[in-house]
Every structure is written in structure tokens, then in C-alpha cells.
């Protein structure tokens, strides 16, 4: 399972800010299912609520009506990153001298450990195991001699890695994307106020209007309903995470000023061009491949079938299956339809092969149901390198593509053919091919991980 | 929202019976989300657990390991029917003299009230508001003078309406379909034992083998690993609920010996033949129309798009939206992709129009996003009559098709064209066109509702 | 542990009836800690809520404000009797033909099994394992041919044993005590309405005025704020449970028109007369002996000490103690004070010795702390016979006094002397010595248990 | 309601340390009902669990068996002090560089705010609102240049006020009492290991042996089963909180090397000498006056009665009473027995009068029940001054004795006579009259509150 770490949402100067943030996070739940939190500001002080769990479990009416007062709010959903513990749930909030400061962070730093040890040696006490608390300590220290804006710009000089940040301090919401722009962050407008979100699907749910993506290295300040923009002042090539387009982001979102659905459909079209198949139909394998499969079907002229049926009631935890129930966790979510499969030559489309075990189980099932040929098409190159900027792929030793030749993989998965979209193909599916990080495919890291 | 009332599962003489039943219900959760229950028999006594909630909330490991002992079990999931109350959760179980009896029922009786009042006048006390408890009282009374098999056959003579039943008594599992066979019930085999389920998707999850559908008016007895079959002895034409194929059943299920996916695809093909459209693409509207849309796309040659994006984290309850959030409950579940919609002529495919409000909201949204034309195709005739056999359509006065002409509907929904699959078209999509109940379309009731 | 089975409360025609009943049960929580329930009537229909647990856990504001509507209510708290299960929680409520009937019962019937089997053979279905449901079935059957009042009088002719009942039907509250008056039930007045309770401590909490105890064999009907009284018409000697005075009832209650505190103090005085001791002080052992110890101290002139300290935070369930923690469950509740005990000759006063194990552990602890002599005085004769009317003593084979001579007990408990209050002494402590059941002491049963 | 802030327990080098600590806290639950926490050390790392709630609600078997590993533990129960919030629940634990440190604190500092601001100005970030976190920051800073022992001695030089501390660091348990010894802390032995507790009732439950009270200004280090002692090196007169003996501590505890029961009985004896009464009996009013009332009864020769009956099932939260229920929260806990009160001249004994409202309600009730005379005796002088060392009396403006003359109080409470034990009388009840803080009575503060 590939894991994204976080989703962000912020709103300044708008009635019912906590509730808007709630729905902004709700729409971005796919970016983090482990915990959720909201911090609000009512002009005088901050209020917070956060806990482990899904957005709709963490918050109750009472929190939105009574606890989380005020017209300015930032929120955060998180998937696993640092240890899974209540003390790591963001946004982090602190009262320091007479100020309150809150920070929400999407991304991962490469020099977190060394920064942390240096500050600890100087007497600092960290409460969480999270990278993100480092921003809080840096800001607090910087603010001894400068204002909050400069303090965050200075803090960004100390850290290295991927960060989209929302910071609530002095009644302002500050939003930052790191100099490479690795993680997304977009600006919108709602009823005359400004809103911020990792993905625009949050704007759609709120019926907010999308304005633009923040730029890499941009610090945007929202204060009293007005925005202004400053540069972090660090020169760096743009390197947006292309895996957001391939897999993480919701297909109805626009991120990096690209529509995700259209990108994925283009990947499917390019796959069909690179690797046509003599088959009876195309099917997604499973749901995340739908948009790519639609593109493949249209480009190839093969019929589209939706022959893996999803059980919509599958929760996150399971009762233990009975002894004989093989590959239960794969089968419980999706069940292929024998009548569609039987006797057919099939193209299956997915977005990645990580460990390969799930794919293998599913292909075997197709064979059992009578599939004559199974051709697999993947909408990106093989993942061969770890990500240090916030994506939790499996351990490199477990990544199938990092350890096996294409031919071996094809055999191990019992496929009749296998094709990964080429690096060039993938880049044709986006508007600005130079502006993306492809380190997980090519190991070419824009921020050296050993830093 | 159209509601089916129930799903059934049973297993005789197999280790871990409660756990198998748990998963059998889990796979059929779509047939009833309000409550779940399991009764087991260990050769000496019965054990039960049932509660309001989804299967995975109602049961914990402890129930499966410790509470629900024995190798024979029946289970039930229920949607609303009688009042929503814990006392109506099935299977019903009773200890009577030295016997224990449990009953699970899918369907609805038309003479429940008169039977109930007659028995109450005779001193009987009912604990629930449910039709289904009537079977228990009839059996108990009949068993004063006959054995359990004859008692159930006799009970079935007294009741009129739709019933698929599982009864656990004297260590036997008895399964019954009413003489018209209105509700489904299928027989399978698992590790040398027999299993029963409303839909075969339950067999797939357990890797059980599908044997056949029970016949209308069949009483099947499973005892000590063997089956035998008796007839209820009531002569009646077969009238299976066609709405199971149109809407309720999972597309990967086989019911009434028909594969649901293939039926729905055929409906789409027949729709394309009856009502072609000059359009840019076809899309399901929303998910339940996927298989029909696939059929329409293939038959019409139009591209298939999947342009309404589902939020997979939407739970069953919501925090109240903010003031300005119009049509929130529609929008939160599905978000259309502007980049796919804008400037296009679209065919949308769904399985029914009930009140029409949701459809209207969604069509308006397509217009807002720039759709040039919107053509709607529905995979069955207009629903104009109530169902007395276990389907909970809206109140007749609220059924759009029962109260408006086709042209008016087209206008009210702001569609460019609208077509419902004809009665003849629908019957072409199934194997035995004479064996179905179409009362919700034509008002032709096989069991008079006034009985 | 000796267990009483139940407490009752009822109120007719008074605003906020559910809330008054809640507090009426709350004050009588000592009469039953396992479950609680309330049924109300609003002139048109009944409402109910009941569950396993203490009163303050079972009911929430929402139940009192919204669920339990109307001005008439009956409530019930229960300790173990029949199997511990949600289906046995009272009051039982049933809708039958066009009536709703609810019944709450304190006591135990001796012919419950035979009545039940007879009705089951006639086709009746019982939902609970409880004696008390029998009243419901008898009433329903009788009401086919008579009104509710006659139906309950007739039902009382069929049953044998102990019963104080509250019945809610046709807008009336009916209250009954069995012909022997075994269990208590009192009438009070609150703001012009009538209230009923097992013990008057419920009236004190509500600031209701105590009127009188119901008579044995009395049927009291409260309707529209008026009361009238009928006789069950069964001739029988009064045999009130004297163990209510010795142990169960709260000392601030009046039951059987006797104040419990004053009775217990008299028992202490009579003990001091029957069995003086040459000692340094008297102490209760533990709390339930306080009032008797006060009486003993006053009559004997010995100082009163309160030297077993109770931990007020001990809940009903425990974390498992560590290995070496001997007799943990005894010690965790009460801790003796070494400085008071050391070097002293002590009279300990309690209300009963059941198995003797707890007493023995505590006496040993006194020895460890340096007590020179320990003299035990018990406020009633030895319990040697089971109760069939609603008290759950230990199994006869476990009752220490039923199996050992006084001298042996004294030795086994490592006491310097032991005295049980004599039968004659006990009867001197009450006003009407002829009106009590002493079967647990003398085996003289007013209703033969084999019936 | 007077509130103590905290109770402590620690154990070093003993199997099942978490479970022992659980029971050590359980026995001291009266010292803090708001939150509970335990930190353990297994030789390699620390584990913690803490939450709002009572000890038996906060911890489950799973925490004791799996979460809280290791043979060394410290625990804490807390009542309100700083804001009621999960982030203030102790013990505080932090990982700092390669060390883990945990601190539990009973008491209150007078210079907490200034210390905190100074450290914040230096860049420190505090997570809680609690005084106690200051120790953690001081230690971490000191440990940059010294070992843990010196670091705590140095930290104690910076803080001023009341503190009994348990610190877990480097595998050692360190215990400290402030130079005045304001709060208690005792040392015991259990199976060859050392244990620490605020009160010895914790030792009794564990069957640990009491060794001695820690001295004021003593730092005791337990390491590898051995103890050694160092002095904080601050010269100061001993000023132990006498209110611990009057009210807080359990009567079965020994603190400050005094047995609490015997102290309270002596207070009652001295009260009887200072203020005899011509009355019919003495009663505690309510439970906390039991031991003093026993002493008064013995010294005066008046009979002891226990005539306020406690409802043992009263929980911490209530359903809202009905309109007419006056003084509900007072009455629900204790109900006086009319038959004992009526026509009598009564001496009531309590340990304090704070606001006087509860006392007045109860006295009025006695009058209603027919008491002829009511004489009140209080076991300490009037509380007229706030406590800055960890006792939460009411606001000074609400303290009845701080604002009214004795005669007025007697009138306002409708008493026939009222006497507070004199300062001299109170000091006669303890062994070392010079070693106590009486600031709440006389305003004589050993640590100036303005510091």
C-alpha cells in the first residue's frame, strides 16, 4: 500500500470557519486516514481539537459549534509517517509568551534529525516524534528577534526537503510551498474570503472558486481578507511530485494546475500507443486504474468493462477470516465477475506494482475464472527508489520492480504481457515535463537525502 | 432511496459456522444496513447475537469465538421495514417447551396484520412489530400437533406475500421460497457442507461453489450434511422480482439463475438500440448505472467516461453542512469533473428515477460545468406502483414517474432527452421473461395487496 | 454476597414522570444493580427504555427529555435472578391488540415453571427467562374476557409466591402485594399525585410524603389522580420478609411501616443484652453493621469505633491484582486502622455470616494488626435454609451456619466468642412479631416451594 | 468543595511494576479524581499511559500487561489545578537527546509564571499549562552540564513553593520533598524493593511495609534496589500541611509520621473539652466528620449516632433534577433519618465550613425533621486565607469564615451553638506542633506568595 502523508485546509476571516475546514478535510480524507485536527482563531485566542481517526469520527457537532470558535482556521489530515500516536496529530499548537502559534505540514524533511538534536542540545524539549514540530521550534526561536513572516522565511532556510505549510499566528494564515514545490497547495475564494487546500476537490465541495496553485518557494499571507505574496528567496528548480498525478490525488482535483482525470486518461492513451494488445476488452484493476483504463479503451478501440466489483461496505478493520480463506484481504474488497471474464483475452490497467502480491492473487483469480490471456499495463515507470519527500512506498527490498527484470516480473505475475508506461510517455501526459520530480523512478533526488 | 429489506445466509454442519455466516452477511451488506444477527446451534442449544448497525460493527471476535458456538448457523441483515428498533432485529429466536427455534425472513407479507390480530385475540404476545415473527407463532402452534417440516409447510399456507426463509430447528436448517419465488435464495456447497444465501456474491467471498437457485415453492431441508426437498404444495406462477436484477443485487451475483452484470449490460445494449443519442460520450450517473452504461457504450460506439468521482470516505451520517452549502448530501458523495464535462454532449445512464430531486441537482451541476447537451437513459420502465413484497420505494405520491408524463419529467429535470427502457426491452434482458414480477411498473400484482 | 432482586417505582399523572421515576430508582439502586428500565404513558401510547447497568448509566438526558414521554411511569431495578441478559430487563412492555401493557415485578414465584410450560403447550411464546413475564401472559389471556383489574386479580390466583407488582395499562397504574405481603411496597404523595416505591428512601429524595404501606393482598388502582383499593380475595397470614429489615433495605427507609434504622439499633441493643462482651470497643464489620453496632455500643456502654476504612472509589469491576496480593477483593474495599486495633479487645458487629470466608479474612487481619480478642455479634439467627421468595443466599451447601455447629464456626473464624441474635431477640426488634417470614432461619415456608 | 491536587506512587525494580502502581494510585484516588497516569521503564526505554478519568477508567488490563512494560514505574493522580485538559495529565514524559525523563509532582509553585516566561523568552516551548512541566525544562537545561541528581538539586534551587516529586531518569527513581516538607511522601518496602507513596494507605493495599516519611528537603535516590539520600541543601523550617490531617488524607493513612485516624479522634476529644454541649447525641455531618465525632462522643459521654445515610451509588455526574427538587445535590448523597432526629438535641461534627451553603441546607433539614437543638463542632479553626501550596479552597471572597464573625455564622446557619477547634487545640492533636503550616488559618506563609 502506498501512503501519502497529509492533506491541508485553511480559511481566513469567514463565519463558520471550523465547519468549512471540517468539510475541506472531509473532501481530502484520501490524503490521510489516520488522524485529523483543526485549530481556530477568534481574534483573541486559539482553540483546537484533534484525534486519531477519520474526519467524521474525530469531530462532532459540539466541536464545530462550541469548541472551535472564530472565523479563521487551519486543518490537517495525516496518514502514517512518524510513529502512530496521539501526540503526533497535527496541527501543532503552542502558546508561547503572549502568542499562540499553530502549524500544519504536508511533506517530509531530510535534515529533521540533525536539526532536532541541535535544538535539544540547546535545551529544547520536543513533544512529538514528528518532523513538523521543528517548524514550531524554529519559528519560536526566530521570533525572539523578528516578526512572524520573517521568522518563517528564516525557518525555511534551515530546513531541507518537502513542505507545504499552513501557519496560523497573529491572526494571519501563512501558506508556504518549499522551493522545489514538491507537495501541492492551492488558493481559492469563497464568499469573499480566501481558502487554501492541498487539492481542489475541497474547493468543489465547498463551492469555492479555484484561483491558482501557490508557486514553489512562495509564502502567501492572508490577513483581514487580503492576500500578499513573498518569495522564500531560495533559488531552486521546480520538482513537483508526479506520483500525486499518477496515484494520490483525487481524479476530480486540480493540482500543480493540472487536472488529474485528464492526466490519467492521457497516460492510458499513451500506454495504448506504446503497448497495444490484441484483446477482447480493457478493465481497471482495480478502481484506481479506472481513468487510465478509460483512456486506454478510447485510444485502442477495445471495449471497456468494469468487471471487478467493489464491496462498498468494507471497513478498515477485519474480523479474522476462517482458516481456509486464502488471500482474504484482496478478495473481500473486489470480486471479479466470472461471466465477463470467462474465455476472454483481457487488458488490465493499474497505476503501479509495489510488492506484486496483490496483483498476482488477482491475476490468478482471473485465470481460475477462465481468462484466456491477461495483459497488464501500468500507468507509470517501475518504482525503483525510495521517496524522501513524504511518500511511503514499501521498503526498497520489497519493491518488485527494484529487484527484478521486467521479464521476470511478467512471469512471476503469470501475465501474458506486461508494460510500464515509459518515462517519456509519462512526461507527455503532463503540461510542463520539466517541472516534476521522478526520483522514485530514476533516483534523481532534487534534495540529497543524506543531508 | 430505494430500499431492499433483507439478506440471508445459512450453513449447516461446518466448523466455524458463525464466522462463515459473518462473512456471508458481510458480502451481502448492500441488502440491509440497519441491523444484523446470527443464531447458531451446537447440537444441544442455540446461541444468538444481534444488534442495530453494520455487520462489522455488530460482531466482534468475541462473539464469533465464544458466544456463537456450534457448526450450524443462520444470519440476517435488514434494512428498514417495520419500525427501526432493536426488538425487530432478526433472526428471531425462541425457546419453546424443550425446543429452540430461529427464523430469518426476507420479504413482506400482505396478510400480516390480520394474522397477527387473530393470534393476539387468541392470547398470543408478539414482541416485535415485524411480519417475520408471525412465522414463529405459526410454527409453534402447528408444532403442537405435527413435526417441524409439516409445521412450516402449514404455516406457509396461512401467509400470503413474499418470503424467502431460513429456519433453524431440531438441528436442521430449513430454507423456503414462497410459491411465486418473489425473493431470491440460492444453494451452494462449501467443504462438503451446504450453504444458503440470498445472493451468490456471498458464496464467492467464501469460495463456496454455487449449485442452484431454490425453486419457487420449494422447502429444502439440510440435516447432517444431506439435503432433501419438499414442495409447499401451492400452485402458483413464478414471479421473481425483476428489480433485484435492475438495482438491488450486486453485479457479481447470480440470482434467479441469472448473472446480474450481464443482465444490466444487456439493458444498456437494449437502451442504446431503443434510444440512441447523438453525443460525445456515455457516463454512469452515478455508480449503480456503471454496468448499463458500459453496455450502452459498447452498443452505441460512444466512448465511456467515469466522470462523477465518488468520495469513498462518506459515512452514513453527516455533520450539518454550513448555511450556503446547497444540495450538500448529493454533492458530498459524487463530484463531476469539469474538464471532462465542459462543452460536451453527454448521455447519462441510471437505473431509476424515484423522486427526481437528486437527478435534477446533478443535471444542473453538469450544466454549470458547461455540458452542452444532457441525454438521460434509464435501464427500466418508470416505477409507478408501490411494491408490497419487500421493496421500499418512496411513497407513490412522491414517485415522479407515477405523477408526470415523460415529457414533463424531461423538462423538470432539464434534460435534452429522456428514455426509459421499455417493458419489452427489459424482458429481453432476462432469460425467462415470463417468470418475473413487474408490478412496480405495471401494477399487475401476483398476490393481491388487499388480502 | 446476598442479593435482593428488585426495586420498584411508579408515579401517575405528574409532569416529568420519567425523571421522577429515574430518581425514584436512583434512590433504590441498592435493591438491584444489574439493570434498570422505565416505561411511560402519555395518554395515547407507551414509551420504554431499559438496559443492563446502573440507573445513571442506563439513562441519559435524552431518554428523559425525549424518549420517555408522558405523565405516568413505572420503573424497575433488578439484581440477578434469572439469567443475566438484556431480554430479562424489566419493566416488560407489550402491545397487544389495541392495548399496551407494562409490568414490573419484585419477588419470585414458586410455580413459575409449571405455569410457563402449561402456557407454552397452549402455543404461547415467552421472550424472557423471567418469572415476571408470566404475569403478562396471564393478563393478556384474562383480558379476552374481563377488564384489566379483574384480569390481574385472576392472574394473582394462578401464581404462588412473592410478588409486589406495578402494572401500567389503560392509563392506570395498578399496584399489588401478594397475599402474604412478602415484599414491601409503599404509597406516597407528591404535588397532589400518588407515587409508589419499594422503599421510602425514594420518597425522601423526591420530597414526597409517605402515606402508608400497601397491605398484603391489596390491589391499589391509581387513575386520574385518585386511588381506590381492592382485595385480591385470598386469605393468608401476613409473612413479610424480615431479612429486608436485617440487611436489604436502606436504614433511612420505612418498610412494612417499620423504620429500618431503629430496628437495626434495637437488634444491636438486644444483642448486647443477650451477649455482652468484656471488651475495649465495638466496631461495625463492615458498613452494614453500623446501625447495629451503634445500638450495641449504646446498650453496653462500650465505645464505638469506626476502624475499618472504606475506599469510596471501588467500582464494580477490578483489574486483576498481582500474584502476591492475597484476599484482594476483601482488602481493597476496607482497610482496618492498626493504631486503633493494636492491643485491643474488640467486639465486631455484622448482619450475617454467609460463607464465612470474608469474615475469616478480616478477623485474621485484625489479629495481624495486634487485636488481643475478637468477639463477633451477628444481628440475626444463623441462615440455614434457602429463600424461594426472591432472596439469593448462597447455595445451601455453602451456607456456613447450615453446615456447622456454632462452636465450630467460632473456631473456624478464629473468634474468641460468637453470638447470633436469637429468633426471639430478633422478633423483639420489630413491632408485629407475628407478621414476618423467618423461613431462612427456621425453614417454615408460608408458600410450599415444591408447588 | 476543597480539593487536594495530587497523589504519587513509585516502585523500583519489581516485577509487575505498572500493576503495583495502578493499585498504589487506586488506594489514593481520593487525592485526585480528574486524571491518572503511569510511566514505566524497562531498562531500555519508557512507556506511558495517561488520561482524564478515575484510575479504574483510565487503565485497562491491556495497558498493564502490554503497554506499560518494565520493573520501574511512577504514577500520578490529579485533581483540578491548572486548566482541566488532557495535555496537563501527569506524569510528564519527554525524550530528550538520548534520554527519557518523567516527572510527577504534588504541590504548587509560587514562582511558576516568572520561571516559565523567562524560559519561553529563551526559546523554550511548553506543552502544558501546569507548574509541573517547569521541573522538566529545568532538568533538561541543567543536564547539559551535570548529572541527573545534581540537575534536580539545582532545579529545586530555582523553584519556590510546595513540591513532592517523583522523577524517573537513567533507570533511577528520585523522590524529593521541598525544604519545608509541605506535601507528604513516604517510603515503604515490598518484596525487597522500595516503594514510594503520598499516603501509606497505598502500602496497606499492596501489603508493603511502611519505613518512614521522607524528610523535608530530602532527595532520595532508588537505584538497583538500593537507596541513598542527599539533602537539597536549603535551610528551612518544617511546615507540613496540617489540612492533610484535618481533611485530605485517608484516616487509615500515616503521613508526616502521624496516624490520621488517631489525630482526628484527638481533635474530637479536644473539641469536646473546649466546647461541651448539653445534647442527646453526637453525629458526623457528614462522613468526613466520623472520626472526630467518635472522639467527641467518647470524650463527652454522649451516644454516637450515624444518622445521615449515604447513597453509595451516587456517581460524579447527575441527570438534571426536576424543577421542584431543592438542594438536590446535597440531598442525593445523604439522607437523615427522621426517627433518629425527631425531638432530639444534636451535636453535629464536621471538619470545615467553606461556603456554608451545604451546612445550612443540612441543618434546615434537621429542623424540618424535628431536631430540637443543633450544635455544630468543627475540627479546626476557621479557614480565612488562601493556600498557595496546592489546596484549592474556594475563592477567599466565598469563604464564610473569612468574611463573617463567629456569631453571624452561627445565626446564618441557624445553629444553636457553633465552635471551631482552636489553633492551640488543633496543635495538641499532633505530635510536633512546631512542624506544621497553618497559613490557611493564620495567613502566616512560609514561602511568600508574591515571589
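In this document, chain identifiers A, B, C and D correspond to the written order of the chains, with residue numbering beginning at 1 in each.
In the analysis below, contacts are C-beta pairs under 8 Å (C-beta built on N, C-alpha and C of every residue); 3 or more make two chains touch, one makes a residue touch a chain.
All values reported here derive from a predicted model rather than from experimental measurement.
Novice: Could you quickly compare A-B and B-C and let me know which has more C-beta contacts?
Specialist: Of A-B and B-C, more C-beta pairs in contact link A-B.
Novice: Taking each chain's centre as its mean C-alpha position, how far apart are subunit B and subunit D in Å?
Specialist: Chain centroid spacing, subunit B to subunit D, equals 63 Å.
Novice: With chain centres defined as C-alpha means, what is the inter-centre distance between subunit B and subunit C in Å?
Specialist: Taking the average C-alpha coordinate of subunit B and of subunit C, the gap between them is 51 Å.
Novice: On a C-alpha centroid basis, what's the spacing between subunit A and subunit B, in Å?
Specialist: 37
Novice: Indicate the residues of subunit B shared as contacts by at least two other chains.
Specialist: Residues of subunit B never touch two or more of the other chains.
Novice: If I apply the definition of touch given earlier, which pairs of chains qualify?
Specialist: Result for touching pairs of chains: A-B, A-D, B-C, C-D.
Novice: Considering only the defined contacts, which subunit D positions touch subunit C in the complex?
Specialist: Listed in rising order, the residues are 16, 19-20, 22-23, 26-27, 29-30, 33, 54-56, 59-61, 64, 191, 201, 204-207, 250-252, 259, 261-262, 290-291, 294, 297-298, 303-307, 309, 311-313, 315, 317-326, 331-332, 335-340.
Novice: Mind listing the subunit C positions that touch subunit B in their complex?
Specialist: On the subunit C side, the touching residues are 94-97, 117, 120-127, 136-137, 140-141, 144.
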